[in-house]
Amino acid sequence: MDDQAHQDEASPEMQARVRASFESQGLMGHLGARIAHIAPGRVRITLPHRPEVTQQNGYFHAGATSAIADSAGGYAAFTLFPEDTSVLSVEYKINLLAPALGDHIEAIGTVLKSGRTLTVCRLEVFGVRGEERSLVATGQQTLIRVEARPEQ
Amino acid sequence: MDDQAHQDEASPEMQARVRASFESQGLMGHLGARIAHIAPGRVRITLPHRPEVTQQNGYFHAGATSAIADSAGGYAAFTLFPEDTSVLSVEYKINLLAPALGDHIEAIGTVLKSGRTLTVCRLEVFGVRGEERSLVATGQQTLIRVEARPEQ
Amino acid sequence: MDDQAHQDEASPEMQARVRASFESQGLMGHLGARIAHIAPGRVRITLPHRPEVTQQNGYFHAGATSAIADSAGGYAAFTLFPEDTSVLSVEYKINLLAPALGDHIEAIGTVLKSGRTLTVCRLEVFGVRGEERSLVATGQQTLIRVEARPEQ
Amino acid sequence: MDDQAHQDEASPEMQARVRASFESQGLMGHLGARIAHIAPGRVRITLPHRPEVTQQNGYFHAGATSAIADSAGGYAAFTLFPEDTSVLSVEYKINLLAPALGDHIEAIGTVLKSGRTLTVCRLEVFGVRGEERSLVATGQQTLIRVEARPEQ
């Protein structure tokens, strides 16, 4: 993926497909996550801080951090898929580099390799407070393209 | 960890420490998760199905699946720690083996190796419907023991 | 996979297919690894200790440990595949639990889930000295089934 | 890590420490790997193609690919450590993106986060043939700093 591509916005049709899917994910709405940007092969999702998404010390819970990272990677893969296909996470691995603090966190999923069957994404999560921005988690994810109704 | 140990319940003091920490995790309450069992080196957490924890097809969202898996492993490690210490997830990897379906899912964290600094857990998540029970996710997690107030 | 199945040996035809493939892996011969057991969904590979497979402290190098773990998982998956198919590792994750010591190490790959396209294996590596045997590494691996000549 | 830092060579003392350790790793010599570049927080290791490092199709074996990736990350971490300390791999995860082909492969380990106890590295492996260069594997690794004689 060249960097220019990532700056671009996805086509309005693709953006609509991604947003429709995102809005049908009960968990994303329940957490308060929203899609911040959709480019071909790269999607950003943000999650504001509030008590409902924390662990015992008031930081973002690793489960919330990885939930939006997983979704960001999934939709990044999805932007490069043909119509009438869907995406499923096969697996992912995430390192929690630092306590996830900030007014909000932002997850970026970026396609590293888009194959016919499998896609591999890089996952990054940043803690953001005002102008400050620091990497709090980094991961790697494998996804599979499935026809119509998803079945692994 | 021998299997007998896993059958046993943790001491009342340890159970109280784990439950107090769990109840202070905003995310677990917000998802509707609860601790089902606390043994030395093994903790089970359950999550009932409801629209707030689903992805676009009505299955449990991978983010919800891994949130309770991560917590189950974290508390499994914590049961073997001395007082005045806390636990942080360093990293984990999870394979989503099948669509996570059922009345509820159940995550089991089991300590494979408990070191002075680092602990490694196996994570398993089952989809449960009535008497049926099938493995929907399996993972591996590294945790670090920290003194008092957690700082990685 | 039930435990009984793992005790059984694979059919002579399957054993021959696995051994033929193993012998064509230059790396396995160069390291001195050999196949110790082939059951449906479970394969064991051993590697004797010698200076050519060590890291700077004389322990087995993590690269040698994971090379035989990766192969054990790959062949475990392969035993469940139909003829005219091949196997490729998609990804794996391995935790190095303790310095890998012993007269030899033994890697066991066990199929956890065998799907039409993807297979997931558990990887375990033991350090063995005489009667003593201890877990030195544990991992999880995803593999893909490919037709005839492998191409991802 | 800023990019400029990665261009720089490590100090002669640090380079000597890394090379001395590398030369004491029996496996690296046995495979035919050599260190190509040592910068603070970034190390490159190359491995020429020959039958001794292949899998059954003549590609580089995933075990060889990850052996040099693991070492590249380990030495990248090590370049940022104080004297009288050593490094051990805690775990790593690697995605094999494409058949590893080329005259040689080159692994680059880059420190993403250097903590007091734990370091996290990105691992990348490229297949190189003449001027052509393509990413064949990408991974993520956790390492621990240990005093003098390594013990996890």
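Read from first to last, the chains carry the letters A, B, C and D; within each, the first residue is number 1.
Convention: contacts are C-beta pairs under 8 Å (C-beta built on N, C-alpha and C of every residue); 3 or more make two chains touch, one makes a residue touch a chain.
Which chain is which protein? Per UniProt: A, B, C, D = PaaI family thioesterase.
All values derive from a computational prediction rather than experimental measurement.
With contact taken as defined at the outset, chain A (PaaI family thioesterase) and chain D (PaaI family thioesterase) are each touched by B, C. Set against the Cα centre of chain B (PaaI family thioesterase), the chain with the most distant centre is D. Between chain A (PaaI family thioesterase) and chain B (PaaI family thioesterase), the centres computed from C-alpha atoms are 23 Å apart. Remark: chain A (PaaI family thioesterase) and chain C (PaaI family thioesterase) have CA centroids separated by 33 Å (rounded to whole angstrom). Between the CA-based centres of chain B (PaaI family thioesterase) and chain C (PaaI family thioesterase) the separation comes to 28 Å, rounded to the whole angstrom. The residues of chain B (PaaI family thioesterase) that reach two or more other chains are 90-91, 93, 95, 97-98, 120, 140, 142, 152, listed in rising order.
Note for the complex: chain B (PaaI family thioesterase) touches chain C (PaaI family thioesterase) at residues 93, 95, 97-98, 112-113, 120, 122, 135, 138-140, 142. Per the touch definition, chain A (PaaI family thioesterase) reaches chain B (PaaI family thioesterase) in the complex via residues 21-22, 24-31, 50-57, 61-64, 66-68, 70-71, 88-99, 149-152. Contacts from chain A (PaaI family thioesterase) toward chain C (PaaI family thioesterase) in the complex involve residues 90-91, 93, 115, 117-118, 120, 140, 142, 144, 152.
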